[in-house]
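Chain naming follows the written order as A, B, C and D, and within any one chain the residues start at number 1.
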């Protein structure tokens, strides 16, 4: 306990004496963490892109030509009561025709040629995104087809299953890549610190000969590692914040039409990053010092 | 000249004596290069995705209702002679209707209701992708509208300009990110080597006192750096090759529908990577040794 | 205090000490001498557990040094002050901090450290260099710092390996005077040297290593 | 051969040498002595251009050492063999390679190197340790390797800084014998030491540094 001021002092002094090497180490670590964080942001965004996509997924329930206004009202009430659906939209025969007209663009002239509107009225239903599992949607559609007044239920079967595959692949890819990058970063940290401590071999040797305990020898180095890691974390957090602000600004400016929604890094992340840096290099330092043998 | 065997021997011996540290260095460098290469592959692929997109870009020339068969033949000949166009496709009135029917899907029932086909015949023209500049396309369209038999010329004006913006942003982003990563990697290499040479300070000091020339002192270190960098490059090239084979296989397996075309890394790349590694760490070593002052 | 019985030590199968038996009594000041490479430093290393004997037993202050457990070594070493032949000063610490370090390892508080270090610096005549770093010191100055570091903890045993190799006759005398002083205060002192002038006329026991063991013992 | 005229040198404004004038003639073997910290090592460092004087001129073998250009220093140093007080051996090279290194720097070919190194190892009595690394050597053994490295290149000038501080009387005598031998073959030898037994009775000039300059000169 008496030695804590000494540990702190030694750590700070060593940091200062080898300031350039330490700066290199700090920067290496922050670059490593930067890569890790950039990857996290990209993964977060991929997820939100996927969410956006699946928001667009809807089922269309076509109403029988023979169905009465009452049947339609009944169906609407049923759908409203069903918690699986996020949104329910009724599309009348006329609205359907307008939709087609819009979709055809210049070719819409052909609509002027028709005698009678052959399109049925319909409901567009949006499922909760967590329910977008091919099997579930299929059984739901089959059930709805049995309802009175329903002529047909449509949903993007093929699209749904490939969406599912994409999201699965992305998740798997993210885990594999994330793990790889994490290992790489920890490794860089470790190797930088290892090389760093290798230089202190003589010092450790002398301390051992003077009768210093393991704790006495290790503590200043651990403090040093802690400091370096924290600083590295702070630098990468700051860099990420600026880069993030810059990118958000730029995308808003260049591509307002895209309305790209970049997932916001939660404020906590900026606190977690330095702690993660500290943690990683504490572990790194600990391993790097290695076992002290008398 | 007499000293070359000595330089080689010294370099190899040093490599062996500090084999663990050297291994760490090699791995750090190869991780750095891996990041650089992964980035390059991603950029290459972004580019090919953009190319795919722009391949879909076409101009549509609608033919006047009053135009004769001869006018159409004339136009075709004119377009064929124009080197700006990659592809020329004639679409008759009937083909146009079939197209609309396909596009409408279930709503195609409305086509059964029309009396007469109101759609004009047209030419679909594909411009060379390098000519996809909004101004050029605009003036081209205006010129074509003057031609005999042409009713209207259409092209995705808005889409074209946002495609342009996307590609510009991507290029800028790629340059900025690429530069950042390149600096990061060079920096990691440099810092690893710097820390590495810092340990040899005493050795350099002694050599100086014994009257060794600068070249005599530097050469073994440069050789060492060269070897480490080359090895790092080889390792990353090998890793990239395996990762690449793996990913291509997986994507083909999971998402055959996407038919995602990953740009193939040219075979030369696998030769260039080790050379790049060698080059980078040679530069790194050179800077790391620094100026020798007597 | 220090007792070797039939101790053998070899490096890479090359025997250095063989069946060495000797003892230094509590409160004694004794010398070890012998030609270069005879094993004087090795003998001292065996005492402070930096090397282990291949055979035989070494007891130091009623502790069996030859079989000391890893975790007991730090405490054991804190009873022994060593003047290393190759100094082992930390180049990134000042003279003051190098000496203070030994006391910090003894968990002494900063105030006490200060006065002790100042005292010992005066004794070895190095007060004026307290703030210098070892690479800026002359050979003899470095050696005096090492002597100061070994003495400052008031150890039970003081081992000095060629403590005056870099010193002029005057400084040599004053260091020897210090050793005698610390000895009269109760510390057992063992000095390895080939400098005859250190022990001749001292009236102390001189152990001579020859042919890998203590061949004979003379009175200096 | 070596000529100092009014040379002054200070470290951080602390004067070490002041207005020092002295000379050592071609083919001479001379001693420098003085108490610890007097500036003996500094004087030798000025000769081999490891330090520059603040004032005054130093000429060595008709070259102005005090104003030597950076790019000429390597060649200049190759004319001088130095026995460093702190050895400066490379720990990651064997004894053989440490000595061979000096010859490699002289661009000698491997065959010639081999015979030269073997010869000099015999002279300092270290043949049996040729394949050891310096940390595995005793203090005196390391010192003999340094002497060997300084001599092996047959330099025009040999500077020895406390070359026998770790040596027993027997080895001391044999090293001094070597110095005399190399001196008779034409090398100018300058030895810094506080070991009176080295120079007393040698019949050579002994320069004594006191109060920052060569106070007097005696015959050893």
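Keep this in mind: a residue touches a chain if its C-beta (ideal position, glycine included) is under 8 Å from a C-beta of that chain, and two chains touch if they have at least 3 such contacts.
For clarity, every value in this text was computed on a predicted model and none was experimentally measured.
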| remark: Most remote chain w.r.t. Subunit B, using mean C-alpha positions, is C
| At what distance in angstrom does the C-alpha mean of subunit D lie from that of subunit A? | 68
| said: Averaging over Cα atoms per chain, report the distance between subunit A and subunit C in Å. | reply: 63
| note | Expressed in whole Å, how far the mean CA point of subunit C lies from that of subunit D is 29
| said: Where in subunit C do residues touch two or more of the other chains? | reply: none
| query | When you draw the chains as points and link the ones that touch, which shape shows up: line, ring, star, complete, or other? | reply | ring
| Touching pairs of chains, which are they? | A-B, A-C, B-D, C-D
| If you look only at subunit B, which of its residues touch subunit A in the complex? | 21, 24-25, 27-28, 31, 34-35, 62, 96-97, 100, 103-104, 106-107, 109-119, 152, 154, 162, 165-166, 168-169, 184, 187-188, 191-192, 194-196, 198-199, 250-251, 254-255, 257-258
| said: Which residues of subunit A touch subunit C once you look at their complex with the stated criterion? | reply: 2-3, 5-6, 13-14, 17, 203, 205-214, 216, 293-294
| remark: In the complex, subunit C touches subunit A at residues 48-50, 70, 73-78, 80, 82, 84, 88-90, 92, 101-102, 104-110, 149
| task | Under the touch definition given earlier, write down the residues of subunit C that touch subunit D in their complex. | result | 11, 33-37, 40-41, 85-86, 136, 138-141, 143-144, 161-162, 165-171, 194, 196
